[in-house]
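Paired with chain B in one complex and with chain C in the other, chain A is shared by the two complexes that follow.
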Partner chain A sequence: MFSISTQAKYWLFTGETELATCRAEANRSYISSRRAHLTDNEVASCFLTPMEEKLLSRQYEVVLRKFCSEFQPPMPKCVIGTSLAYFKRFYVHNSNMDYHPKDIMLTCVYLACKVEEFYVPIGQFVKNLRGDREKFADAILSFELTLMSKLNYHLTVHNPFRPMEGFIIDIKTRYKDIQNIEIVRRTAEEFMERSLQSDACLIFSPAQIALAALSFGATKEGLSLDRYIKEILFKTATEKEAEDTLYQLRRVKFIVKNTESVPREQAQAIQKKLDQCRNQENNPDSDVYKQRMLEKLDEEEDVRHRKRAKLVADDEPMFFSLEQDR
Partner chain B sequence: MPKSEESSYPFCPDEGKYEKLAKIGQGTFGEVFKARDKKTKTVVAMKKVLMENEKEGFPITALREIKILQVLKNDNIVNLLEICRIKATPYNRYKSTVYLVFEFCEHDLAGLLSNPQVKFSLAEIKKVMQQLLNGLYYIHSNKILHRDMKAANILITKAGKLKLADFGLARAFSDKLNRYTNRVVTLWYRPPELLLGERNYGPAIDLWGAGCIMAEMWTRSPIMQGNTEQHQLTLISQLCGSIVPETWPGVEKLELFSKIELPKGQKRKVKERLHGYVKDQYALDLLDKLLSLDPSKRVNSDDALNHDFFWVDPLPQDLNHMLSRYNKSMFEYLAPPRRRAPINQPPQAPGVVRPAGHNPDQHFERIF
Partner chain C sequence: MEEQGCPRCKTTKYRNPSLKLLVNVCGHSLCESCVELLFVKGSGLCPECGTSLRRSTFRLQIFEDASVEKEIDIRKRVLRDFNKKEEDFPSLQEYNDYLEMIETIVFNLTNHQDVEATKKMIDQYKKENKDQIKKNLSKLSKDEEFLETLIEQEQHETTIRKMILLEEEKKEKAAKRKSKEALIDALMYQDRPAHDIISSHKELAQHEELEAKRATTAFSTGIKIGHRSDIVPLNKQETAQLYRYCPLVIEWCGPEPPTVDELYTDGYLRNIRTISDAERAGGFREALACHRALQDAFSGLYSFPNVSAPSPAKRKSFPQTAAHSPMITS
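Up next is the complex of A and B:
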């Protein structure tokens, strides 16, 4: 149930302003840990600004969706919705400079596959990527725990897809004014697709997004759901509650409408800047990171050696007899 | 575990929040420790998520357990307090570990049953079963299957509150046609439909386990301790009667029905066999309904809770008084092994070779 979910409790923000404050804080905190004695001007030229971070995230959300839509085997919508929700939640409190969106993006999709019971083994998962697949797999697995803990282990995501089906059934059964709600479906689904590209899922409940999508689609067809909302859906509620909902739906539509795409050149410039200021400790290609992985491997090798040594010791008599037989 | 290891290093170095007190169990995907919150002094149980052998990252079973327990909040379900991660640092060689932190329960049912001094009255057994079925009713109405019912996964606090625990094998179910793995549930508690290869199963699998546990309240050790799946089905047939389409329509369609050897001509003797232990007629009747071979005829948790067993004298009685006599925790992990096979001791069929070193209490595939 959404109303008692961790999503309702911890991952709904009041609006763009609150989100911008959180993201600016993540940006500030990363910069302050690394700026040393740089002047403000130098900081501005070296590090990403909150605005640049937002554009970069948007750009990677586009990449994420493209990756998902081309994924083999084809993935259910809820996996895409959950992946994007994880990605957005992650960058509310973390800077793109600390964790590169290309690593986090893939990890979000991998985790969402598991959580949504669309299980794809890692080997098959990375077959959807071009390049050094083993390296991708290592990166995904090494960021998985970080992602989970940054999400506070709140893994269940309520997507707007099911509520939309629910509303369609309800309109069919209870609202006789609209006979053919199905004609609205395509536009409504497009609206939901676009909403995935916005902050809507961090501000509104999935039911609000679904209803806004249907209401948007209805308007395009010259229909209106206002009476359905006021007289059927909110029949037992107060006038004010119904009005509030209509107001929220307008807000959803506004936020979804205002998601613009990032020009390619701009995105590339930001990425270039990111290469200079990113946290090398979280960069699988950096020397610091590789060094750390080597230490870890050594440790595992040690353990394996010890285990093997123990096995040999336990099995000693048999081991010898085998040797003699040969 | 050597003592020095137990107390030498603190938990959660990044938070320094918990200190380990003792190992109390070996869960399905990791060890379980008793620990204490250093600040509040609250005692908790910490379950370590084993990551060493995972090629696929964080185990999907642990993910399900987290997801499920964040939703399930009920008096008869173990309460997940938080998730604690030891961050990767140079001090632990960049290995991070995740612990699920639960409220601490003093006993588990297997531990209590293995202690001959702990005696349950009929009214107390009713209370245990009522709480157990209540927990199952709650999870099933939330569309969750437990899939690992056994006495060791039934926790009991010293105040006598029963909690279903270990959702490491649990998953959500739907009423549609499904293909789940049938390699779930510890062998001795595994229902016949799973043993015969059913993959589209439902809540009834947990009620079979509830029946096995209920009988165990009197017999004090698991009633059917098979060594192999074949052996388990033999034991089930000897207790519940031959598995045939006449009593279980549709059983012939199950994948393994024709591939496995099923004893023929066995009469159903649930009540007769258990009568030596269970004198109460209502108890025997409920047991008979829980241990129904055909899952579609097996009683569901709602109807079981409405069974006369719980509503005729003696009425269910709280366990706190009885348990107040014991100030030591009783866990199966810490208890000596229980006596084997009190009611089913069929002679071993000649020619059946048991795999050496086979542990019947093990789990198989952990995924799906």
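Up next is the complex of A and C:
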């Protein structure tokens, strides 16, 4: 149930302004930990600005959707929705410079596959990628736990796809004025696709997105759902609830309509800049990262060794006394 | 796995199930008959390694791996000298180090590593700790003390039990004699008919016997006599409150979705595809999917993040985001 989910509780923001402040905060905290004693001008030329980060995220969301749509075996829509939700949630409180979106993107899809019960083994998963597949697999698996902890283990995502089906069933049953609601489906789905590119899933409930998509589709097809919404759906609602919901629906449409794609050249320029300022500790190709992984491994081994030594030492006194009895 | 057998006469457990393997300090096993043959004089050389052995030190091989036996022997010998207790050390760490040292010595001797150096070490240790070794030899370790007290306690209890039994027997005998005398007295001096007296007497005897039995059963539980405090009261029942079912109330945050019954009466099910046989076999029904879709559609429809209690991360209030509103086109 969405109303009592972690999504409603922790991952709904009031609007794009709040999201922007969160992202700016993530950006600022990363820069302040790295800048040493650079001047503001140098910082601006060296690190990504919040705006650039947002553009880069958008660009990678496009890449993610392309990857998903070409994925073999073909994946259900909810996997795409969930992986995009993970991706967006991750970069609300983390900077693109700290974790490269390229790695996080793949990890999001892999995790979403698992959560949405469309499990694809890692070997088969990386077959959808070009390049050094083993390296990709390693990167995905090593970021998986990080991703989950950054998402606070809130892994259930409510996507707007099922609510839309629900509304269609409801309209067919209770609103006889429209007999051919199915013709709305195509435009509504297009709207939903576009909504995935926006921050809508961080601001609105899936039901609101679905209803907005349907009402948008209906208007495009020359139908109107206004009477259905006002007279049937809101029959039991208070005036304020109805008003606020209508306002939310208008906001969904506004935000979704205003999403625009990022020009390729701009994205490439940002990416170049990112290569210089990204956190090398989270770069699977860097020496720092490899070194750290090695240390971690050693540490684990060490701990295990110490534990065993302790166990042996604890056992001994008993063993001795047994021997002496003979 | 290799068949266990005597290395000298090549008899195996398979061919002779009653084969008994013996082992001596060197860790090489021999079967019983070979030992008898080779050590007629009471001592001789091990056929494997040439160590001189005494017949009396041969014992039954318990572990399949003879080297384990050898290790046990060496350990026994080493521990005779290295007999410090935990109390002899100021800290656990030092005691552990000491134990570690013993392990190293045992390992070295068993596996023939630095034998000379190790032996030297042992000798040095012996010299340094001569007094303490002697002192500790007479002392029992804590575990042994504990065992001893346990055994003592048990013995004490068995003697008590025996005494109680004896006394009871005596009492019984006395009672029997008494009742017999009473019967004869009654027969002699009472005026009632004889068979009447006998039958009433029998009844009485039976009654007594029953009582006695009851008394003995009360004692024949496994609980130690005189240890009342050990008995855990079994009838300590906690009276938990009975579970009361209260139906689940869900906060929909939206219009109330139809109930499953309404799906049927209001004709919702006409508007979804019919279920396939395979799905029905799996236990699904149309109503299930339909109900879920409708629930998902209605749940959270009236969700306005600014209205619900804001988390620390959500400091922004709604009016600021409403700055968009003039631009909104419906």
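The rule we apply is simple: the second predicted complex is superposed on the first by the 293 of 326 C-alpha atoms of A that agree within 3 Å, B and C clash if a C-alpha of one lies under 4 Å from a C-alpha of the other, contacts with A are read in each partner's own complex, and residues count from 1 in each chain.
The rule we apply is simple: a residue touches a chain if its C-beta (ideal position, glycine included) is under 8 Å from a C-beta of that chain, and two chains touch if they have at least 3 such contacts.
This one's a predicted model, so the numbers in the text were calculated from it and none came from an experiment.
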Check your understanding: Counting only touches as set out at the top, which of chain B and chain C does A:144 meet: first, second, both, neither?
Key -> first
Check your understanding: Does chain B (first) or chain C (second) touch A:34, or do both, or does neither?
Key -> neither
Practice item. Examine A:65 and indicate which partner it touches, taking first as chain B and second as chain C; both and neither are also allowed. Key: neither
Practice item. Please determine whether it is chain B or chain C that touches the greater number of chain A residues. Key: C
Check your understanding: Is A:127 contacted by the first partner chain B, the second partner chain C, both or neither?
Key -> neither
Exercise for review: With the two complexes superposed on chain A, say which partner A:102 touches: chain B (first), chain C (second), both, or neither.
Suggested key: neither
Point to revise | Partner chain(s) touched by A:6 [first = chain B, second = chain C, both, neither] | key: first
Check your understanding: If you stack the two complexes on chain A, which partner ends up touching A:14: first (chain B), second (chain C), both, or neither?
Key -> second
Check your understanding: Do any residues of chain A touch both chain B and chain C, and if so, which are they?
Key -> 1, 4
Point to revise | chain A residues touching chain C - in the complex, by the definition given at the top | key: 1-4, 8-10, 12-18, 21-22, 158, 162-170, 172-174, 203-208, 210-211, 233-237, 241, 244-245, 247-248, 250-251, 253-254, 313, 316-318, 320-321, 323-326
Review point. How about chain A: which of its residues touch chain B in the complex?
Key: 1, 4-6, 110-111, 114-115, 117, 119, 121-122, 140-141, 144-145, 148-149, 153-156, 292-293, 295-296, 299
Exercise for review: In the complex, go through chain C and note every residue touching chain A.
Suggested key: 72, 75-76, 79, 83, 86, 96, 99-100, 102-103, 141-144, 250-256, 266-268, 270-272, 290, 292-308, 310-311, 313-318, 320-321, 323-325, 327-330
Study note, to complete from the structure: The answer for chain B against chain A in the complex is residues 55-58, 60, 63, 66-67, 70-71, 83, 85, 90, 93-96, 98, 171-172, 367-368
